[in-house]
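Here's a structure for you.
Each chain carries a letter (A, B and C) given by its place in the written order, and its residues are counted from 1.
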Amino acid sequence: MPLLELRDVEARYGEVKALHGVTLSVDDGDFVAILGANGAGKTTTLRAISGMVKTTGQLSFEGARLFRRTPEAMARRGVAHVPEGRGTFATLSVLDNLRLGAWTQRGTSQRDLARVFEFFPLLYQRREQQAGTLSGGEQQMLALGRAMMAKPRLLLLDEPSLGLAPLVVREIFDALLRMNENGTTIVVVEQNATLALKAAKHAFVLETGRVVLGGVAADLRADESVRRSYLGY
Amino acid sequence: MTNFLQQIVSGLASGGIYGSLALAIVIIHRSTGVINFAQGEMATLSAFVCWTLLDHGWSFWPAFAATLILSFAGGVVIQQVLIRPLQGSPLLGVVILTIGLLIAINGLTTWIWGGAAKQFTGPFSTSPINVGGVAFSKQDIGVIAVSIIVVVLVGLLFTRTKLGLGLRAAAVNPVEARLVGVRVGAMLAVGWGLAAALGGVAGVMAAPSLFLEPNMMQTVLLYSFAAAVLGGMDSPVGAVVGGLVLGVLLNLAGTYIHWIGGELRLATALAVILGVLLLRPAGLFGHTAVRRV
Amino acid sequence: MKLLRRRLDGADQRSAGAGFAGAGAGFRRKLGALGLAIVVLAVLPIPLSEFRTVQLATVGAYFIAILGLDVLTGHSGQISLGHGAFIAVGAYTTAILMANHGVQDLWTIPIAAGVAGGIGLIAGVPALRLSGLYLALATFGIAVAFPTILKKFDHFTGGSTGITLFGKPTQTGHGVGVLGMTNNEWLYALTWTIAVFCFIVVWWLLGSRFGRSLRAIRDSELAAAASGINRSAYKVAAFGLSAAFAGVAGALLAINIAYVSPDTFPIQLSLFLLVGAVVGFFGSIWGAVLGALLILFLPDLVGLIPHVNTKQAGPTTLFFGLVLVVLMLVLPLVLRAGAAIANRGYPRAQ
């Protein structure tokens, strides 16, 4: 039984339909990449999962069909959504940001904090600083660290590599792989298809709000159309 | 010199009141962008409630505590019933609603308690206390003490508790706060309750010296606006500091600048508001834009 | 709010033509309504008592002030909680000229408009730099502080005791009456003639390029700037215009009541004006009459409720506030319903 299942999910922003019937599933422990061009509906798909947009169609999490989802409720169910642009609390300190990650937990355990600092030593150095003063890469680490504090069942990331230097991106994805090894299910939306397909186990390709291709990441990497459209060769 | 010190102390006392109400205004503004014009009248209502309890034989501090709890509840109710339905509509509409609330509460207080000024016996005696040869009013010192304690408690709430963290998160980035599981709606309600309670503190502290009547806090509201603007509309620290600075400033200006005297206090506060908004909109501690883009 | 304005301006766009707001079939209907209103106004005093007549005269003054506020808030998007101050300026100009300089009351009216309007133009410049909420804050402060300023400059304004115009020879209607009317009828005629005149002026202005530019600015400053409209000039002009109207209202109030003092212009006046403007649906100048009527006759309406003693100020004020609160809660719902109804017969915009 998959951890997350979407069937014919549709979503609209006012008059504009963004998702025209998305069907995909994610198993427990999986690392899934969602690829597609700008405007294909990748971000909207994540928003549909975390409850930020209203949808029609079926969405099941941990086997249970979820109808009206709110972000707060999904967070309590163990879904951590790191939106595009990191979504850090800019005027709060790094430490406060991390503490907020543990909001759904029963208090902030020092052990959880220590684990985040072990993953990202830089955050420990900057723990009293305002989150908005961190560099892009550091903010992404902070966003990841905050997600870690929530001990999520499912981690959703929207464009984690956006605007970051290659070395920093590598660090981020290394951290993601470690998290996945420790059992966290990860769904990543990425424009950087090469990187995403290397890290992920499975992948889906979205075009104009629909899933047009899906399968094992290695297979997609070899696929002709994917190579031409998204990998550049 | 003696007079100077006395003016400073009494300025700090009024400043404590302005700061408390300004803090209430800033808390609501920070989390919702709304300027609650009814904050002063809500404070007056709190003061009247306290007076009624005292009139029924309650001793002061229990009455004060009960008033704060009732004020908190009132703030939550107002937010849930009147403000929440307007979430998402233009701010100006909400602000006009708070103006309606100002008028309505003013009418309500007049109706229930009448327009005549009432004597409000505060917890501090009005006899003077001698410090270093200078006579200070015990009441002033008491008000300063209460203001400091309240402000420190609120500060601790915001910085050291989980609730305070949630309140701050909801104010800074409500969308993201919901994603980590913070019930932003509940935080907003708590924010309004807290602001109402702070207003209650200001009202009860002001009542002994201002004479309790329905229009009591109208001028205080203007001073508190000036304090909030001076401190920076989004800075709680700024609100308190702004209040204290304004209180002292108004006293000193009134005493030493003859032309201002006692009659142009309001005009001076207005000048502060206009000056800050036009010359340095962020105030002393704020960082958000106040200007039209 | 935005939805409302687009609905009203739909009338502008559907019926082509410059000149008056809503020219076309709607125009003829509105002209007819105006004509009917004038006839009603002319005959209304006949069955009414003297007291009611002068009350209605006061309604007329408020109506003029609300018209100005409509232009400012409804059409140029700037909020003012301080227009009571401009009314006071107009009233005091009239009072001082009549009492101390022997000017006939009629002539003080344009002067009051000029003085208030001038101050409004000056005030409109710094107002440009304040966004909605902060402008509300600043104008609130002006309204609260203004009476104390009036009291301070007492050699000029007569201080707390104010200025009495009763019995002064500069009153036109005093004693003998004018043109066969009693004094109260004269006040009524004067006020409403000017009110109708102001209404036509505003109606024309709002339909003209001035009005369209204002609404363009209100709806999207960026788009307005892109089309080359000098936003600052228009907004300042709107401020000055609304202040001039308030000045006229103040002058008429001073003439009606024959007395001015700082305490007759408390913050409540500005706030009640706002209520009137909101009731008049912010920008609908036809609704301005409703607002003015509400301000004056709410005490009587409230008195209809059993167990409520309207001799006390409390219940009236309470209901005033409740009217505003309920209106603001209901408005978004009304607008949504109104938009749905209005759009039903029209093709959807692509």
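Rule of thumb we're sticking to: a residue touches a chain if its C-beta (ideal position, glycine included) is under 8 Å from a C-beta of that chain, and two chains touch if they have at least 3 such contacts.
Every value quoted in this text rests on a predicted model; they were computed, and no experiment measured them.
Taken as a graph of touching chains, this assembly is arranged as a line, each chain contacting the next along an open chain of partners.
Nearest to the common centre of all protein CA atoms is the CA centroid of chain B.
Once the centre of each chain is set as its mean CA position, subunit A and subunit B turn out to be 43 Å apart.
Mean C-alpha position of subunit A lies 56 Å from that of subunit C. Distance between chain centres (mean CA atoms), subunit B to subunit C: 32 Å. Of all residues in subunit C, only 1-2, 79, 81, 126, 128-134, 136-138, 140-142, 144-145, 148-149, 151-152, 221, 267-268, 271-272, 274-275, 278, 312-325, 327-329, 331-332 touch subunit B in the complex they form. Taken in their complex, subunit A has these residues touching subunit B: 50, 52, 70-72, 75-76, 80-81, 83, 87-92, 96, 99-101, 103-104, 107, 146, 150. Partner subunit C is touched in their complex by these residues of subunit B: 33, 35, 37, 82, 85-86, 89-97, 99-112, 114-115, 214, 218-219, 221-222, 225-226, 229, 263-267, 269-270, 273-274, 277-278, 281, 290-293. Interface of subunit B with subunit A (complex): residues 162, 165-166, 168-169, 172-173, 175-184.
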